[in-house]
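All remarks here apply to the structure that follows.
Chain naming follows the written order as A, B, C, D and E, and within any one chain the residues start at number 1.
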């Protein structure tokens, strides 16, 4: 029986979903960032862009939601400037190397539970042959290692952008970005070490599955409750890895203009910006997967809800899957909002402070976290 | 060697005394040069006295080693510290010990720089030479044999003449080349002995038992012979010797001619021929030819030299040819003659080199043409010079006569039966060798005549610096040598007795065939 | 997997390594606390001496264990080898005092020694590779550490690239062998020697080439002279002696019980011979002492590989004895080298002219070292060479033994030339010339004692190996 | 279907998207003539120091890179340890303790060497 | 040609290419890259064999190779930088103060 076609179709659907979701998140977050800033500073913002329906006077403002679209359009229509001296190959490749890995990371993140197409489309049951699909683009065992591998690529892209532009400020920005990102990359990897020790796997799907159910009677068995400290460290490191305020030194406008992408314009510059916003979502997704139970909703299993105290609500598969997907998106969105909240709340670090914060603060703390986790597990009987 | 008695102790003392002397000289090195000289001459004298005791106590009738010491040394390789006296080495040990103080006294004033180092080197050399003579273990022998190079290298290189570095490198490189091949042969010999008989030992006595096919014997003898022949030196491997002698300081020349050259012939006698008797016999004609060529060629070269040291150097080549001739004759008389000739040449050449050194110290040139009529200026010197010249020529009553006569006699004794069998070569060779005696007389007398008589010439002398005759020190060392030369010439009986048994042993070893019945193939080269 | 580890064995069998590790950690801690500089050397010395003593003690017990089965094992002979090599590191540390004032040298040297200790014990290629790298890697840094002249960087780079390429070659060989046999154990190498399978044979050739590269055997020697020249004296001494010895011990472990047979034997016959001849010839024209030593070490690598022609059981002993004898005298020469302001001057052979008249002790020591390296009796170099050639003859390779000996004869000239410069040539001291530092001289005396012991009592030493 | 193929498809889709937008931009964007002023590197509003821009990278940043590489390797080993540490025996705890101890020592050494401070000095 | 052979040929090609590069290329950085290429060829073959045999030993060695390669590069880069500073060039033919 040919299993290739159904697999291909499902994969293409997943890929489309992922790209659409991530791109919309990226676009949406530009608006969220503006809007949230406005709300926090008690002003009305991002309300000018609109679509005027032709031949009427109706302007669709929709809370300024069209700002994101306008940005995108504007960048498409701008002049594609290239500096006089630059390394052509590096200059051309850098946006790709920055942008692509960010999206690629999503390949290993499960954005929902297991899909059984036969239940959703009974007519196609025989075509699918009873195969089920976890909602995840590529089920790679290496899981989290893939995440780190590809976020590492971003560093190269960033530095390449800075170096190939052959501008002093770009170079400095690139170097700062490089040393910052590698430092926090390291911290990020160390923070989840405790989690990996607890779960005993690096496969993100398995990690999420282990987070279903409850512990201590009421609490969802989420990573954040098992490793609260790690969650905090991870989020900090992830924000820094994304070069967001308070760690935005590589592109500090007031110091370095735009850092490594000073010499980029139009859509190429847009891609750098876009990548940053998408990465907010990716960080949110990662955090959700690792610490917030992923697509798991509290007290919910594949069969429906089972609340403490014995109340049970049965749900059909057709309901469970969208619920899980929505739950996942909601958690991710929440995390994005938190990140933007942080962005508007904190001042920027000084460069040396930023480095020593990584090496002298987060790194020892994450090591301590690992040791404490290990000791606790050992005392509790070796984590059988 | 069943019990540890005074005898072995004495031999050990004789051997190790120079090392004690080295320690003392090093301790005194910071003080003054005179102390170094005194220490080393004292040590050498004591050594000579003890060696004399050994000589007197040596039992000429007893077979085997005397005063032997055997201690396990490198057990894994079957190497032991085995030393002892036998008829082969007793005379040479005595000669070495006798020349020791003479060398030091001879260099008393001529060595002015780095005096402590000089004495350290002389003492080390003395130790190595003594060790090579008394060693009864091949490994030990090789060790001492090679160890001699280093002090000699420095003695020639540091205190020698203008081209000393060239000469000393040539000396060492020549000698080392032979030694390397000998080392390979030693390893192969011991290894094949172990494989065929299961005995892992370097002791000469054990090695004399080895059975080897003729082809292997030939190759091994070739390696040994190359090493020894370079040391003797035999033509055509002699070219290092004139250079070394000319550039060496007097003391170096004396040691070189007096003892070091004997190493080669001693090696042939003790090792080369007895270890590989079949090959030795097979190659006797070749070796004998080379020996005779050495005699005649050396003498011819000596005849045309203008450098006084070179004359004596080439005469050494000629004289040692007789030793080889005697050894190869395989006649008792010839073998004994060879031994006596070794000692005799040691004494005579030492005396001649000392004499040349003394005149060089005074006149700073070695050109024969620069001298003349010294008999008028330096009467005492001239007397001694005549004595040693005549001893070198082989005048009866001197040691030179005894040695050469016996060696030639051996050659003829061996040649006659062969001649009757139709092999004329030995007879021809022996006859040619006799011409060497005549040539010897020619070059020595030419030397003495130009040197001592005729127009009075002596460089570097003036009214302020008159040419002084021999000092008491010089007289006494030459006197000692003269006594020895005459003693050996007039009363060779004692020496002959002590070596008779050894000569017989040598004879029987070399004449007994030792090829195995069925040749075991050992160490086949892939 | 983990439960099979016997704690006591793991502690005892690796005691020398543990002590070294303790030393490293202690020195780093002291550096961190800011009181390293002066006392780091003493701590490192203590660690090396302690671990050497531990190895000797365990060897004498006698102790044998395999705490990590299939990875790491010790026997009395191996422990003896470790102890001997570690003891040789003591003079290196002592003579480092004049060149390096801070603790980095000690840390790097101890790390390298740790790798050295792993090599003779390695049961699997994993450990052996780890050992080889741990051995070499700190040395790259050491070459660069005493940055005395621009050439240091160049020499470090050359060493790194060549050594890295050698490691990769080694690994490729390991990989192919692993593919062919399915085992990572070093024992498979011996069986592979005689194999006719093309993959296995390629693997063996690659492994041999890697060893030749690491040990600087002609034609893979070009890095050695450059690297030795650019490094400072203690580092050159370390590279020329211990590193080379460790590589050879690794080779011994690799060949294990195997007699050299099969079609690849030619490789082991010809290249070492060429190495001997070329090393000795090329050394003649050198003007720099360290380059000369480098070429001499190339020749000595040839002798050492000759040992592999001999029977398997005597190999370890022959190699170890040779390495010890060769190292002791090399270290002796380096320890007493007079100091000079500029490294070039210190290194030049001309600086040795007439040294005897200025510094008789140093001149005598260097002379002894040269004579021993030349293999002249009664110095230990002779006994070592004798042992190796004896084994070669016993194994039946008489022709090659003779050729090797003749090759070694070629070397005598340039060693004697050094003595000639020391004793027979007049030379003025450079204005900045000083005697070697006190600690270095102490190292020299230690080496002298070692040399004398090896010269006078080779039987005693051999009996213990 | 192998997840790697899916992964590759995903990658292709992303690169395709990128190519699309960049091509659109190149096609749609204006292409005015270049002027020399436009080519001057922009340096924070000040007159450019030098028209030839720099490519040389300050060496001090390499120090950070190197310590990152080294510690990242340690992390790799920790990954392996964490994955393999089941059941968590005393011996494994001991190995962790040893490892972390050495890690901390080297971290302290990094602090002591002032590599981080050097970047900004 | 099955998958294993293909992978082995690839790894051999990588290795040989690297080796060739180390020998013939004159740019210091390229030489280092070629060295890494050799190691990557090795890694590929190790992993292939490890998979083929279902044995972890090969994969473990790969880990060690990672470490070593990284440490080597960590050391190599500063050395190259020093060289460039002294010679103003990455061409190793210009590093001829020491003639091998």
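One rule holds in what follows: a residue touches a chain if its C-beta (ideal position, glycine included) is under 8 Å from a C-beta of that chain, and two chains touch if they have at least 3 such contacts.
Labels paired with UniProt names: A = NADH-quinone oxidoreductase subunit H; B = NADH-quinone oxidoreductase subunit M; C = NADH-quinone oxidoreductase subunit N; D = NADH-quinone oxidoreductase subunit; E = NADH-quinone oxidoreductase subunit K.
It should be emphasised that the depicted structure is a prediction, and the values quoted were computed from it without experimental measurement.
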item: Touching chain A and also chain E, the following chains; value: D
item: Minimal step count in the chain contact network, chain B to chain D; value: 2
item: Central subunit by CA centre of mass proxy; value: C
item: Result of counting contacting C-beta pairs for A-D and D-E, higher pair; value: A-D
item: Chain of greatest Cα-centre distance to chain B; value: A
item: Chain located farthest away, centre of chain C as origin (C-alpha); value: A
item: Cα-centroid distance, chain D relative to chain E, in whole angstrom; value: 21
item: Separation of chain A from chain D, taking each centre as the mean of its C-alpha atoms, in whole Å; value: 17
item: Intercentroid distance (Cα basis), chain E paired with chain C, Å; value: 25
item: Distance between chain centroids, defined by C-alpha means - chain B, chain C (Å); value: 42
item: Shared-contact residues (touching 2 or more other chains) in chain D; value: 65, 72, 89, 111
item: Which pairs of chains touch, using the document's own definition; value: A-D, B-C, C-D, C-E, D-E
item: List of chain C residues in touch with chain E within their complex; value: 124-126, 129-130, 133, 137, 140-141, 144, 147, 150-151, 153-158, 160-161, 164-165, 167-169, 171-172, 174-176, 178-179, 182, 184, 222-223, 225-226, 229-230
item: For the chain C and chain D complex, residues of the former touching the latter; value: 2-3, 5, 7, 25, 28-29, 31-32, 34
item: Residue numbers on chain E that touch chain C, as the complex places them; value: 8, 11, 15, 18-19, 22, 28, 31-32, 35, 38-39, 41-42, 45-46, 48-49, 52-53, 55, 57-58, 60-61, 64-65, 68, 71-72, 75-76, 78-80, 82-83, 86-87, 92, 95, 97-100
item: Footprint of chain D on chain E - complex, ascending; value: 63, 66-67, 70-71, 73-74, 77-78, 81
item: Chain A - residues contacting chain D, complex; value: 3-4, 7-8, 11-12, 14-16, 18-19, 23, 75-81, 83-85, 95-96, 99-100, 103-104, 107, 137-140, 145, 163, 165-169, 171, 175, 178-179, 182-183, 185-186, 189-190, 193, 196-197, 200-202, 256-257, 262-263, 266-268, 270-271, 351-352, 355-356, 359-360, 363-364, 367, 370-371, 374-375, 377-378, 382-384
